[in-house]
Amino acid sequence: MPSFLDILTEALGLILSWERALSEIVILSLRVTLTAVVISCVLGLPLGAMVGAFRFPGRGLLTVILNALMGLPPVVVGLMVYLTLSASGPMGALQLLYTPAAMIIAQTILVTPIVAALTKQVVEDLHGEYAEQFASFGLTARDRIAALLWDARYSLLTVALAGFGRAVAEVGAVLIVGGNINHVTRMMTTTIALETSKGNLELALALGLLLLGIAVIVNASVMALRASAVRATYA
Amino acid sequence: MLRRHIFSLTASALLALALPGATAAQDQFIVVQSTTSTQNSGLFEQILPLFQDQTDIEVRVVAVGTGQAIKNAMNGDGDVLFVHAKAAEEAFVAEGHGVERFDVMYNDFVIVGPPSDPAGVAGTRDVVAALTKIAEVQAPFASRGDDSGTHKAELRLWKEVGIDAQAASGGWYRETGSGMGATLNTGAGMGAYILTDRATWIAYGNKGDYQIVVEGDPKMFNQYGIILVNPEKHPTVKAEAGQAFIDWVLSEAGQQAIADYMIEGKQLFFPNAGG
Amino acid sequence: MRDMAPDTSLAMAEAPSATPPILATRALCYEAGGKRRIDTVTLSIHARRRTMIMGANGAGKSVLLRLMHGLLKPTQGAVLWHGQSQSAVARGAQAMVFQRPIMLRRSARANLKFALGARGIRGAACAEQAEQGLAMANLSDIAHSPARLLSSGEQQRLAVARALICKPELLFLDEPTSSLDPASTQMIEDLVNAAHAQGVTIVMVTHDLGQARRMGDDVIFLHAGQVAESGRLSDVLSQPRAPSTRAWLQGRLYTDATL
C-alpha cells in the first residue's frame, strides 16, 4: 500500500491539473448544496423563529421533534425520498428520481431541521430581550418574526453555515436518490465514495481535500462578511 | 438592499432547481440499473459514448449491488437491468418485471490474497479445494455480504464446498456489506482472501502487494445478462430507447466494443451474446 | 398602625380633576410565583398630568406599570382606558420607555422608523417623523450609528424619542434615568416635559425624590403591592399620612420587608 505522503503528493498534483470533469462535479455539488441550503433557510428560519418566539400548544413537542430530526441519518432520508420519488412511489409521476432535484429534496430534508432548531435557539434569546418592547409596540406576529430574523441576521449566517456543512459533506442520501450517475448526479462526495471503492485513493483524497478547501472558503468568506458587517452596523 | 439580494438569491436557487442537469444535453435518456463491478471496471465509460454518438440516447447508469439493482428495477426505477446473477435475473423475468433476458458477456471470478498466503492456496485451480483449506485454517476471508451478484456467486461456491461459512461470520469470515472495491480495500486491510470479479480486480487501483491466488476454475465463471424492464408493469419505462440500447449491446458493434475494452493490455470482459 | 383600605379610597376622592380619567384600574391583582405582587389596586390616571409612581424596592411599581400598559395580564381586576377595557387599540395610543433601553440591532434612525412602521406609518411620513425624532433627541449627527453602540444616555434619549414620535396620548416611563448621569438625566426630563407641554399624559416610576418634585403633578405611593397613598404630589409630600410613605420619605424604608 502506498504511504499517506505519496497519496498526498499525488492528490495535490491532481488538484493542480484541474480537469473539466472535476469542475463539472464541483459545480454540481455547489449547485445542489447551495440550493438545498437556501430552500432550507426559506423554510427553517421562519419555522425556527416561530417556535423560538411564541408560546403555543405543542411547542415543546415540536422542539423535541426538530432536535431529533437534526440527527436523522442521511441514508434514512435517502430511503424515504427514494420510496417517495420511485416510479412505484406516491410521487413517481414527477420523474424526479436520479436527478439533481431529487438530491436537493433529500438535502433540504436533512438541513431544514438543523436550520430550524438552531434558529429557534438564536431567536429565543433575542426575543427574551425584545419581547416587552415588541408588546409595547403592538407588533403583529408576522412583524415580530420578520424583525427577529432581521436583527439576528448575522447569527443566522452561522446557522446557515451549519446547514451547509451538513449538506456538503453528506453522501448517503444523495447516493441513493441521485444514483451517482456520471455527468448527471455525480457530486464530490459520491465521487469520493466511488473512487475509494475503485481503489483510487489518490483521486478520492484529492477530491476530499478540494471539498475541504471549498468548505473552508465558504466558511471563511461568510465569517469575514459577518465580522465586517457586525463591526459596521451591529453590536 | 441586503433583503433584495437574499430575494434574488432565493429566486435563482429555485430556478436552478427547476432547470434540468447542466450536462444533460440530449433530449432522451434511459436509466440502466447495473452493478458496481461493471462501473468500477470502467467498462461503461468505454462503451457508452459509442452508443450515445450513434443514437443520441443518453445512458444514465445507476451502479449498485445486483440485489439492489434488481429491487430498484422492480420498483420501475430504471429502463434496463444489466447485472450478473443469472438465477435472480430469470426470476425477475418470470415474475413479469422484465421482458426477456439476454446473455451479454462474461468474465470470471478470482480469489485474491496476501503474499503470505496463510492457507497455502496460491496457484490452486480448484476453487472448492482452496475454499476448503481457507476454512480449515480459518484464514481471514472477506465477503461482500451485500446480496450482490458476486456475493451470490460466493455463497454458491461455499455451498458446493459444504461449509456454512456464514456461521463463522464475525470470526475468520467477515462480511463487509459493501461494494466490490470497498470490500477489496477492507479485506486487504485485514490480510483476508477475497473473491472478486476479474474486471474489478484489474481496474482496481489500490492492489498493494495483493495478487491473484486462485483462478481458472470453470465454477468461477461470471455471466452478465441484460433485461428490458417490463413497460406493461411499469408504464414509465422507456421501452423503445431501452430496447435500442439492448439491441446495440447485443449487436456486433456493441460486442466488439466490450471486447476492445482493455486495461494494461488485459481484456476484462468476453462478449458472448447469442452464445 | 397598618394601612387601611379607606385611606386608598380617600386618596381617590382627592382626584385633582373632575374630568373622567384617561386610564383607571379596578381592584387590580397580580400574582406571580405564588406571591401577590399587586393587591387590589384601584387608581386613576388623569389626562395631561404627570403622575409619579413611588415606593420602596419590591413595592410593585414596575409590575403596576406593566399591568397598566397591558404587558402583563392581571390575575383579577381590570384596566380601563377611557372607561373601556384595555385593548390593542388602546396600547396603540400608549408608549413605554424601559429602565434599560431596548435597542434593536439597527441604526438610531432605523430604530425610530421601526417604531413608526409598527404603528402603520410608512413612506415619506415615516422618514420625516424619524428625522424629527432624531432632532428631538439631539442625535441627528449620529443617525447612522448602530443604536447599541450609543452611550447609555444617548440610547435612553433615543428610546424616549422613539416612544414620542408615535404621538402617544400616554407615555409610561419605568425609572428611565436610574442609571444615567445628571446631564443625561436632565435631557431626558426635558424631553418628557416638552412632551407633557404638548399634551401627553405622563406616568413615571421613579426612586428619585428630587426628580419627582421637579416633574410630578400627582403621586401614587405603593407599599407591598397596595396603594398606600395618592394625590397631588405637593400635598402628599408635605403631609404624608400613610406610615409607609412617612418612613420612605424619612429614608427609613428601603424595602417592603417590614412596617
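Residue numbering begins at 1 within each chain, and the chains themselves are lettered A, B and C in the order written.
The rule is short, and it goes like this: a residue touches a chain if its C-beta (ideal position, glycine included) is under 8 Å from a C-beta of that chain, and two chains touch if they have at least 3 such contacts.
Quick caveat, the model's predicted, so the values are computed rather than measured.
Of all chains present, the one whose mean CA position sits nearest the global mean of protein CA atoms is A. Chain centres here are C-alpha means, and the one lying farthest from chain A is C. Chain A and chain B, compared by their mean Cα positions, are separated by 31 Å. Between the CA-based centres of chain B and chain C the separation comes to 78 Å, rounded to the whole angstrom. Put simply, the C-alpha centre of chain A and that of chain C have 48 angstrom between them. Across the assembly, chain A contributes no residue that touches 2 or more other chains.
Taken together, the chain A residues at the contact with chain B in this complex read 1-2, 24, 27-28, 31, 34-35, 38-39, 42, 82, 86-89, 92-93, 95, 97-101, 104, 153, 179-185, 194, 196-202. Of all residues in chain C, those touching chain A in their complex are 66, 69-71, 88, 91-92, 94-96, 98, 102, 104-107, 114-115, 117-119, 146, 148-149. Of all the residues in chain B, the ones that touch chain A in their complex are 2, 9-10, 13-14, 16-18, 20-24, 31, 36, 39-40, 44-45, 60-63, 72, 75-77, 178-182, 184-185, 188, 203-209, 234, 236. Contacts from chain A toward chain C in the complex involve residues 129-130, 132-133, 135-139, 143, 147, 151-152, 232-235.
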